[in-house]
Structures are given as C-alpha cells and as structure tokens.
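Below you'll find a set of structures to go through.
After this come two complexes, each holding chain A, first together with chain B and then together with chain C.
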Partner chain A sequence: MASELAFRWNFLMKIALELLWLVILLTFYKTLFAKTSIISGWTEGEYLFFVGCYYTLEGVIESLFLENATEFAELIRKGDLDFYLLKPVDEQFLVSFRKFDWSTAPKILIGGGLMGIALFQLDWVFDPLKVVGFVFLFSGGVALSYGFLLALASTSVWLVRNQSLLELWWLFTTLMRYPREIYQSGWAWSLWVFFSLVVPAMLVVSIPSEIMVRSLDPFWSFWVIASSLLVLWASRRFFQLAIRSYRSASS
Partner chain B sequence: MNSLGKLSLVPGHPKAPGFLGSIGKYMNILRVSLVERLAYRGDFLLGTVLRFLPMISAIFLWKAVYQGAETEVLSNYTYSQVIAYLLLVHISRMFSSMPGLAAGVARDIRDGNLKRYLIQPLDFMAYLLAYRGAHKIAYIATSALPYLGLFTLCSGYFETTPSLATLGLWLITLFLSFLLGYFFELTLGMLGFWMLEVSSFLYLVNTLNFFVSGHFFPIDLMEPEGLATILKMLPFQFLAYFPAAVFLDKIPIQQIIPLVGVQILWVVFFALAARILWRLGLKRYSAFGG
Partner chain C sequence: MADNPPKPIIEISQLHRTYLVQDKSPGFWAGIKSLWNRKYKTVEAVKGVSFSIQAGEMVGFLGPNGAGKTTTLKMLSGLIYPTSGSATVMGYVPWQRDDAFRRSFSLVMGQKNQLWWDLPAADSFELHREVYSLEKDRFEKTLGQLIELFGVEKLARQPVRELSLGERMKMELIASLLHEPRVLLLDEPTIGLDVVAQIAIQRCLREYNQSRGATIMLTSHYMKDVEALCERVLVIARGSLIHDGKLSGLVERFGQEKLLRLHFEGTAPPDWVTQLGPADIQGPIVQMRLGRSEVASVVGRILSHGGLIDLGVQDPPLEEVIAKLYAEDSEDAKAGLNE
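So, the complex of A and B:
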C-alpha cells in the first residue's frame, strides 16, 4: 500500500479507471434492460447480481494474481527468479502472492455492493445454505481463474516474453462476462460444451450467481468444485515442470 | 583536380529540397516504416483473429436480447444490423486507433529523445503521420484476408448491399477517421511537455474513448436517450460510430455531407491543437545528455 501511495497520481488514475469500467458496465446493463425485460431467462435484478459477481471475481483475481502473473515473465527474463527459488518457501506461493494490487481492490467492495443492491431489488430472503453454497462456488470460480492464469504465466519460462498473457486472460473474462445460457443455441452449443467441460470459463460466474438468485444446478455446481480442484492440481504440476525447465538468465 | 575540388566550400545551408523533395522525403519514411511493420505479419494475423473472438459473445448476447424483447427492431436496428454494426466498427477502429502514439510521444519528450527529431530537417508531426500511415497500410494489408474471410462468413448479417455512393462516402469517413484519430492522439501525447507521467491518464482517456465512440454498440441504442444525443455532439463518434452508420444507411444522405464537414472541422481542430501545444511545449523543453 505504501509503495502504491508513493505514486499517488498514478494510483488515483488506476482507481478512476476501474470506476470508469464500472460505469461502462452499468450503462451497458441499463441499455440492455431498457430494450428487454429478460435475457436468456435472467431478469434485470438477477442479471445485476451476475454483474456484481463478475465484478467481484475480477477484482479478486486482479488484486491478488494478475500483476504477479504478468510480472513472472519479467522475473524470468531478468533472472530475478533465482532470488525466489533460493528462499525456503514454496515457489508458487512466492510468485503468486508477491504483490497485492490495491488499485483494483475497490472492485471487490463495489461488486459486493452491486450484489447487495440486486438482492434487495429481488426481495431476497436470507438462506444460510445458499450463502454457504455461493461462497464455495465463488471460491471454485476464483480457483479456476487462478489455475488458468498460473498455467498461462508458467509458459513464460519457455516463451521468455509472454506478451499474449494479458490478451488471453481478457479472452477468458469475455467468456465469463455473460450468463452461460446465451451460448445454448445454434452453433454456440459446441462452444458451450467446450468452455464448460474442458475449459470451464463459462461456469466461473454463472454457477455461483445461479445458486443465489436462481436455482442450484447440481451437476454443474459439482463440476465447478471438481474441475477447480483438478485445474489447481494440474496448474501446480505445470508450474513445477516450468520451474524445473528454468535456466537462470543472470550472471 | 580530384572530386573534392568540385565540392562547394561556401558555408551555408544546403539547397532546400522544395515541396516535391519534401513529399519524397516523407514517402521514403512511409516506405521504410512499411517494410519494418511487415516484418511482424504473423503477430498481425494472430492479433486480428484474437480481436474478433469476443464478437462471438456479442452475437449471442444480442440474439438473447432480441429474443427477450420479442421484437424485430430496437431503436431502428434489427438484430442483423447490430451485428453488422459491431463488425463494421472493427473496420472504423482499424483506421482510427493509434496504439502507443500518444504514449510514445510523451516518452520521447520525457526521456529527451525528442532531440533526435529536432536536429534533423524533419517536421515531427509530418514524420509521425508518414510513420503511422505505414502502420495502417501494413495492418490493413495483412489483415485484409482474415477480415475478408470473416465478413464472408458473416455476410448474412448484412441485409442490404450499399450503393457505390454510400461506399464512396464510407471510404472518405474512414480516411478522415484515420486523420482524426492521429491528431487526437498526438494532442494527448503533447501533454508530455507538462506532465511527467501520462500513461494512466492515457489509459483512462482511451477507455472512455472506446465507449463514447460507439465501439461496444450503436450510439443510437444507448440509454438514457439523452446520452446518445450528447455523444453525437462529441468528436469521438467519428472514430467508430459514424463510418459504420454511413455504411448501414443509418444516417439520411442529406445529413451525411454536413456531418463529414463537421468531421473535417474536428480534424483541423486537433491538428491545430497539436501544433500549438508542440510550439508551446518546445519553448519549455530542454534535453540533456549525449
């Protein structure tokens, strides 16, 4: 936090940028629901919860992992990764949680606020089981995103300069930004199957949101938890393989 | 007498190259920059393909919106027209976006690299225009094939074939959007004379620009309705929305010509703004080092 505040102007600009994205997201949402009252079965209030959930999840990933993942390539390129490998702490932990990006942290609170407003609009009745289920499924969504980012970042060991990482992450978020039901028609079915079963990007926000404001989908909820554990395990193995292939670049 | 004897030893400036000589100079810059850019055509192709993938989400989202609304037309746009619009703004952006221009200018000012240009018989703004022109030609040339494939694949979303007059006007608006995008970014870059670090500010402006230029969806659909009216008064609509709307015949032909005039005025405004900031900035610019 102190290092971020050393560049106050830059820090404030980053926060302003996040707020701008929120305004864009909400204007888009308002525009859509000015034209229709329902989108693939999602009502306005339910969709607002989805938007809040997406915004929170993005805030968690960006605050905790995104900057660390993108800087991993720099550590390799400059040979600075050596310092981390020498420490008696798990390398994945050190690389993943090196920095916390405070400028994106307000997204977590704002997203939470949006979810709260949506629940209020929907006259939601408190149900502890739903909340516990949401926390589990949301954590599953975070784990899936983190695993995907870690696997992408690990490729930096071979590619050295991994400029496409942010672009691929952005594509991943594109798939989780809208309810999964929009893909369940026409030729998008094949996409829906691939990005739900193989790379479950389309489930990351949809499934946690559904348990809170719609209904529990037992099969896909199970798959979010199971696939997140699988992805965490596979991405760790991949990271360790990458570390074993790492050749120091320093003198 | 050796060849040295033929050289004029009279001190003074070399003969001015004249207007045609100047044009030739910038054409050479364009040619060299073109060769440089085409060295990375693989990157271009990959970038083009990746840029279109989010279109798939947009196609199905809008399909769900039209199905939910149970109507064929929303704010004068059919579903096919919205998708055709979203495809066409990629073409608009292909002309008007200037990635890294403002940041590069600001960096050159901050690092003192500007002196490279100041000591040469070059006009900085004309040099960059030739350089960016080469970028655009290279980009359009390398992405023409994937774009053609994609537009053929999506030809069903284009309900009517535009007339030759519409196509002509569309090309004019695209060329003007290139000039507008260039001078707008250049004006932003000139702020580097007064601000040490502009990257976050530029990112903010570009994000806002992306939205208010109508890149996400047609400005006509924007809610609340008053917002669309405001956005149509700003220069940003000419960077994405306007060329696409011209192509789709969304603007009556009698309104297009005056709007092209407005677009030209904005180009002149930003060209002058950049030139004035350049002159003011140079008065306070000082470069150190070897």
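So, the complex of A and C:
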C-alpha cells in the first residue's frame, strides 16, 4: 500500500474509474429491469445480488492477483523473477500475492453492500447453512478464477510477451458477468456446455448467487468445488513446470 | 592418521547448460516466415564445468562477456536448471530450492535492483526481515552493524530512486547480508561505480568475509576488485573452465611478458639501450617489455654495462593479462566459426 500511495493521484484515479465502472454496471441493470421483470428466471432483487456477488469476486481477484499476474510476464522478460525465486518463500505464493492492489479493494466492500441491499429487498431470512454454502461456493469461484489466471500467467515463461493474458481474463469475466441461464438457448448451448464443464467460467458467480437467493443446485455446486480443487492442483503443477523452464534474462 | 580435508561448501561437477535460441534472419518477410517456419540453434552456455570451493574462501570468477559466468552463478543459486551435471552448495542441490538453502545464501547482481524503487531502503529491509523470518533483536543488531560497516547511516530513510548508484549498491548489499548468508555470490557488484565506492565495497566485503567466515564467489570486470579480494581465480571462456588457481598463477600462465623499468644516471639513457629492443624512453627512465625467457640474459647485459640507479622487473598488470586472454579466446572463437 505504501508503494501505491507514493503515487496518490494514480491511486485516486484508479478508484474513480472503478466507481464509474460500477455506475455503468448498475445503469445497465436498471435499464434491463425497466423493460422486464425477469431475466432467464432471475428477478430484479436476485439479479442485484448476482451483480453484487460478481463485483465482490472481481474485486477479490483484482486486488489480490490480477496485477501480479499481468506483471509476471514483465518479471520474466526483465529477469526480475530471479529475486522472487531466491526468497525462502513458496514461489507461487510470492508471485501471486506480492502486491495487493488497494485501489480495487473498495469493489469488495461495494459488492458486499449490493448483496446486502439485494437481500434486504428480497426479505431474505437468515439461514446459516446457506451462508456457509455461499462462502464455500464463492471461495470455489475465486479459486477457479485464480487457477485460470495462474495458468495463463505461467505461459509467459515460454511466450515471454503475453499480451493476450488480459484479453483472456476479460473473456472470462464477460462469461461470469451474466447468469448462466441466459446461455441455455439456441446456438449458445455449446458455449454453455464448454464454459460450464470444461472451463467453468459461467459457474463462478452464478452458483454462489443461486444458493443464497434461489436454490441449491447439487450437481453444479459439487462441480464448482471439485473443479476448483482440480484447477488449483493443475495450475500449480503447470506453474512449477513453467518455473523449471525459466531461463532468466541475461544480465 | 591424516585428517580428511573438509568437504567443499560449493562443489560442481560436469555442469552443462544449453539453450535453444531462435535463429531469425533480419527483415519483415523473414519475420512473417518465422510465424510458421521457425529455426532454432543450440547454444552451449556452460560446457562441463567442474570445481570446488572451501568454506571461507573468496574466489574470483572471471571471463569475457557471454563466457558462462552468470549462467553458472544462476545454476548455483537455483534460478535455472542445468541441462546435465551435478552441484551442491552447503550440501543442498541448488535447483531444488530448499527453503533452508535459500536462507543461507545470497546472490547479488550489480545490474539488477531488488529494493523497492519508490520506497526507502529501510522498508525493503523490514520486508526482508519478514520474508526470512528474522528475529527482531538479531535483525536490528545485524542491520546496525551493516549500516555502520557500509557507512550509510543517513540514507536508509531516503527513497531508493533518490540514491546514487554507489549508495544504492551498498543498500543492495546490506539487504543481501541481513540474513547473514554463509555463501555470497556476487555478479559484478561494483559495475558502474566510481573508484571511491569500489574501494568502500571491497573493504566491506573483505570485513564481512573475515568476521563471518562467509564464502564469497565474485564475478567482476574490474580487476582491482579481484586483486583486492581474491587469492584464487577461476577463468571461464566459451563455457569451459580454462584456469583454476592462484591469481598470481594466472599472470604466470597467461602473461608471456615481463615489464622492465630502468632508471639511469644522468638525464638520458646510454645509446646501447636502444639495441636491446623497443623501449619507452622518458628522460633517464626506460620501460620495455621482454619475453619471460629473455629477462635473465637481458638484465645480465644491462648490469654488465653499469650506470644504473634503479632496476625493476614486474609482471604486466592483471587487466592486461586478462584482456589478452579474452582477445585470444575471441580469436579462437572466430577461427572455430570459420573452420
């Protein structure tokens, strides 16, 4: 944080942009529900919870890892990864969480606030089992996103310049930004199958939101947890393989 | 019964490292073509290097650019894996990157910066304490000693970007020594520094080596560093070790000439001096280069003439020997390419 605050205008600008992005997201949401009362089975209150959940998850990933992942390629290109590999700390941990992006951290609070407002609008009755289930599934969603980003970032060891990483993350977030049900029609079915079963991007926000404001879907909930563990394991192995191939830029 | 010699702290055997690098022709079309037809060539950065270093030694690791010095140091640090061969540092295989190993050594790269650029070095030191799980009391004591040793009492709270190159290098070295490493690998620690800063860093390294018994392996293109710190040198050229021995042995082995300095009575040397060979004459002082085998006979002839105030026979400067060695290596490489 000290490093971020050394450039306070940059820091404030980043926060302002995040707020602008939230305004756009909410305007889009309000515009949609001005024309209809339900979208693929999601009511306005449920959808607001979904937006809050998405915003929180994105805030978690962006604060903890996105900047670290995008800077990983630069560490490799300049050979600065050397210093991280020399430290007596797990390399994956150090590379993944070396910087916390405080400018995106307010998204976590704002997302939490949106979820709270949505639950209030829905007259939600407190259910500890649902909360525990949500925490598990939300963690699964975070783990899936993290594993996906880690695997993408690891390819930088071979590609060195990996500008497609951010674009692929945008693809991932675009798929998780809307409830998965909207893809369950027509030609979008194939997308739904691929991005639910193979790369479960469509599940990371939908499934945690469903358990809180709709109903538990046992199969897909299980798949979120199982696939997140699988992705965490596979992305770690892939990261270790990448580090074995690290050549360290010449000095 | 004779004692067994202590086990070396660094031991490497037949270490090889090859790289596959793209062999790309220049130009736009070559760039397009390389999208589907990419050619690679194998570069042998390190070719079967073997040596061992005892605890407490200070060893110079010399070689021209691209000889394989940094690649070898990076393998010894566990940053890169060798293609084949074995190495142990303090009993650990470096590329397994055991935490205990990483707590016991440091690699300092003069051309790279590990401190936070925008923050004072003190903040980086504090992070270092956390990363290495150093006890606060011990950390503060060591930090105090190092700050005093390097003479940077007033600089630790200044952002790193505002420090001079020499000051920054001192801070880098302090950061590398905070966890009291037993093995210190230094890759050109005085690069770009002025003479005053170079001497200060040499003094600090010598004191650290003597007070802690640390093993230091140093690469440097400044022969003054090597002369000031290392009794033993390893010379690597085109990936192969070509010399492992005392620094003085390097001059004897590769310095084919001796420098002769004669100081004659009067204002000019006698005429017969010019018959001895090419000479640099400045007033009564004459300097000339002789082959090692000629020295005894030439000095005998000079002494038989008399008229001398002073006579000195010296080895050529180390820089000169090394430069010649590198130049020969480069010519050999070109000859090899032409064959």
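Definition applied: the second predicted complex is superposed on the first by the 250 of 251 C-alpha atoms of A that agree within 3 Å, B and C clash if a C-alpha of one lies under 4 Å from a C-alpha of the other, contacts with A are read in each partner's own complex, and residues count from 1 in each chain.
Please note the rule applied: a residue touches a chain if its C-beta (ideal position, glycine included) is under 8 Å from a C-beta of that chain, and two chains touch if they have at least 3 such contacts.
It should be emphasised that the depicted structure is a prediction, and the values quoted were computed from it without experimental measurement.
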{"item": "Clash or fit, chain B versus chain C on superposed chain A", "value": "fit"}
{"item": "Touched partner set for A:I24, first chain B, second chain C, both or neither", "value": "first"}
{"item": "Per-residue touch tally on chain A - higher for chain B or for chain C", "value": "B"}
{"item": "First, second, both or neither for A:L86, with chain B first and chain C second", "value": "second"}
{"item": "First (chain B), second (chain C), both or neither touched by A:I182", "value": "first"}
{"item": "Chain C, chain A and chain B - angle at the middle CA centre, rounded to the nearest 10 degrees", "value": "90"}
{"item": "First, second, both or neither for A:T36, with chain B first and chain C second", "value": "first"}
{"item": "First (chain B), second (chain C), both or neither touched by A:R244", "value": "second"}
{"item": "Overlay on chain A, chain C to chain B nearest C-alpha distance, Å", "value": "7"}
{"item": "Those residues of chain A which chain B touches in one complex and chain C touches in the other", "value": "7"}
{"item": "Chain C-touching residues of chain A, taken from the complex the two chains share", "value": "2-3, 6-7, 79-80, 82-83, 85-89, 91, 244, 246-248, 250-251"}
{"item": "Touch list for chain A against partner chain B, complex", "value": "7, 9-10, 13-14, 16-17, 20-21, 24, 27-28, 30-32, 34-40, 164, 167, 171, 174-175, 177-178, 181-183, 185-186, 188, 191"}
{"item": "Parts of chain C lying in touch with chain A, wherever the complex brings them together", "value": "19, 70, 74, 77-81, 97, 99-100, 102-103, 106-107, 109, 111-112, 114, 116, 118-119, 123, 131-132, 159, 187-188"}
{"item": "Residues of chain B that touch chain A when the two form their complex", "value": "46, 50, 53-54, 56-57, 60-61, 63-69, 74-75, 197, 199-201, 203-204, 207-208, 211, 216-217, 221-224, 227"}
